[in-house]
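Letters are used for the chains, namely A, B, C and D, taken in the order the chains are written, and counting of residues starts over at 1 for each.
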């Protein structure tokens, strides 16, 4: 078990739903409530110093949304993978864009494609400003497994009903 | 130039700048005079493509067997990520082939997956690359556009395959007929043998009934 | 295989250069033979025109404009060809021999093109702007002495006239930028005016140096007083830096790289002529090349002795010098990157203006001595 | 009379740069607020090239998804192929034969050369030096010829697959490549003379678009952008894949963080790539190039990700499987996506002309940003 995992477990022992530590990689699963305090520590603790946001994405398992963060510590080059499961009927999680500015667009992308809401995101008020890859007036979240595209009949406008 | 807040020797800076400009101009001048021009006058001069070039597809025509190699197994159809290929099979089994083979190259990514999927060496990419057209329908290439030798080889292909199939059919029919005959003959023989056995249990009845069917006309 | 195709080490390059040299030599020989031609046969026609000054001036104007138009077409072809060769390309090749007629084809295309005026443009200004640029460009050419006899208007304040008229072109560019009602055009127009007016100052100071040295403002006189010794040879300490400053200013005046900010295609799309199409665009283009010819000719007159030169007739010398300077401008254009607007302004105000002032003072001192 | 600035205020101008603008390198739209020529704020708008590739991939078997990655980073499509191929191999526990690994490194580095040459040309063109563009494309054309001889395509190669590389090198490839690299050294020196020392080029690049080390880390910058800001973060070194751990090469790092530093990093990287290519050619063992994947490829349920160093930065692919033929989620970590996210923080205060220089120095490809 790596030193990094030990250190995290000391502080957030009960909040971790699942933890697995390797030589270069640590995998954690946390509940949505514990995400924010955990990440603040990950960012600020000099022994962890996960300052680099390498990736973030979501996926839809059919029952819930899984958020997947990948953080890298620039000092130890250790990778940390954080998994958060969100209920499908109310997919909301706290935004971390103020901790890692690079997350701003990634969170917008997750909203755009999956409809996951990020409380505290700078653009959260306005769905049109949150949309990033899709047109601002798009309806629905296409990367959800139950998204049923309706072909508009116009190949240039894509599979959305338009008037 | 950049704001010179620092104590910079302006004159030196000018000289260095001039030198850097002259250096650059020397490079362009050498390119002007000494370097070969690389333009290819495209519609007049055609570039030579490499042997592995992935251009327009072709279905090789097998001269020896007088048919296309394609057996209509649809492996390429399944291997295509964008559903470019559609085909109509002609028969099945070892003489099977295709009567229609359409490729909608408007969707094609030229990814080579269909060619790698083909176990019969029946589809390849050639070196033709001017595939643009004014008409969307013109991007659909049919078997006569794809087959080596064009329409003629398609006709020969269909003829060869249908002949082979007919032959096979005939052979099968003959075989079936022969089998049926043999069966009936065997039945008759068996019946007669049984009759014989039944009729007289002579110790002299030694000749066993031939179990093999008569020679089929292959 | 294909590597061979892309870099064939054949002799065609050398052959082409050789052919070029031979053609140039033939042209020069033909030009040097022009004094032997029976020019006196034209005397009756000349006399006819001299008797009618109005008709004479009109004919001169028509000749000048058509000469410029043809020369521009040729220059555009030359620039494209030159740029192509410099960039390891062939340049235009399709229309005519080696693409000689390419610009004619382009001109015809532009003439036939639809004339688009943006819906929200300031229409009178938009229509007027090309002419506000074109007319000054042609007027400046009027005072340029192509040879001792061939000068549109031998004005005794020629230098002053040329400088002041060429500056008015800025008005047209601002009008074009503003009238198009396009944000890029406005930025381009503003840049153009700021640049033109700033660079006018060192340019005027350098012209003043020459004027002080030669004690005349007439361009014809300036050339005549350089007989035997060109300015740049006669006063190297003053005139070499002077010529450099003048050349920088000239580049800025005709909006050529590294000073092509008003039409910087990578930032401002196309600057002030973004919205122009068809003939109006062609007029801008011709005006730009006319300005090119003017600045190059002006530099030839001020520093390189105008029409003076051995063997060849004066007109040939003048054309040759102008063409060489234009060639130099092209060479610089296709080599150097573009400056930023504030860098360009500080280059002018912090370097060129003081330098030209110092140079002017030195010239004045040298004359007084 | 005194005039203070409060008395002469004028409203700013909103300028829409793109999506049709010559220097946005594709279809990027920057909504910038201008005060004169100075940027007040900037909001990048992306998504004009969104094709839903990741969604398309969810509906196709793993192997069918590789050709789509050509359309992500179209300037270095072999590197995109590599990202997804590695992810598929990890999720399906496939080992690539050694020669296949060498070939991958070789192809990726050749593609990196091509991609950086495009950067060099477009960056110089953005700054007004159009000639460099044609010179660098002249060299790139030869690289494309080489790649055409190897893969048969000039842009969308699809030649790095899950399991390896489908074919071996063609006849005489090594000699042609070596001959090209010998000449390429001179070409690079030539660009150096033309640009690096040039006073105007330096004035346009030095001190422009500075990304501090902290900012680069926080925004997730990678590749040459991070290395220009003093972060020695190169996936080929920190998490070597294929045979990069056997290669000898340096990671150029500059600490200035400006456009010039990023330019220098890329030029230096080209030399290093040439070094790697030569080593590959020298050390490549004989053998198979591709591992056999089962005809019906069904990886066990789970998730996997790959980390690769594309010319633009850390390109990684996230795959999740539920045990069926098709992945349930494919996600690409596109380096350009993160670099464009830097723009709102970088641009305020610079001039319009610098926007172009900064954008050019980030070397983004909108294909991978919008996916």
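Observations on the structure shown:
Convention: a residue touches a chain if its C-beta (ideal position, glycine included) is under 8 Å from a C-beta of that chain, and two chains touch if they have at least 3 such contacts.
Computed from a predicted structure; not experimentally measured.
Averaging Cα coordinates per chain and for the whole protein, the chain whose average falls nearest the overall one is D.
Seen from the C-alpha centroid of subunit B, the farthest chain centroid is that of C. For the pair subunit A and subunit D, the distance between mean C-alpha positions equals 24 Å. Between the CA-based centres of subunit B and subunit D the separation comes to 35 Å, rounded to the whole angstrom. Subunit C and subunit D, compared by their mean Cα positions, are separated by 43 Å. As a whole-number value, the distance joining the C-alpha centres of subunit B and subunit C reads 62 Å. In subunit B, the residues that touch at least two other chains are 1-2, 21, 24, 27-28, 31, 38, 50.
Contact with two or more other chains is made by residues 131, 135, 138, 141, 145, 148-149, 194-195, 198, 200, 203 of subunit D. Residue positions of subunit A with contacts to 2 or more other chains are absent. In the complex of the two chains, the subunit D residues touching subunit B come out as 60, 63-68, 70, 131, 135, 138, 141, 145, 148-153, 156, 158, 166-167, 170, 190, 193-195, 197-200, 203, 206-207.
Subunit A contributes residues 24, 51-55, 57, 59-61, 68, 70, 74, 77, 100-102, 104-105, 131-135, 142-143 to its touches with subunit D in the complex. Residues 46-47, 50, 52, 54-55, 217-221, 231, 233, 238-239, 303, 305, 314, 316, 318, 320, 322, 328-329, 331, 333, 337-338, 340-341, 345, 370-371 of subunit D are the ones touching subunit A in the complex.
On subunit B, the positions that touch subunit D within their shared complex are 1-2, 13, 16-17, 20-21, 23-24, 26-28, 31, 38, 49-54, 79-81, 109-113, 116, 125. Across the interface of their complex, subunit B is touched by residues 1-2, 5-10, 13, 17, 82, 84-90, 93, 331-332, 334-336, 343, 346-347, 350-351 of subunit C.
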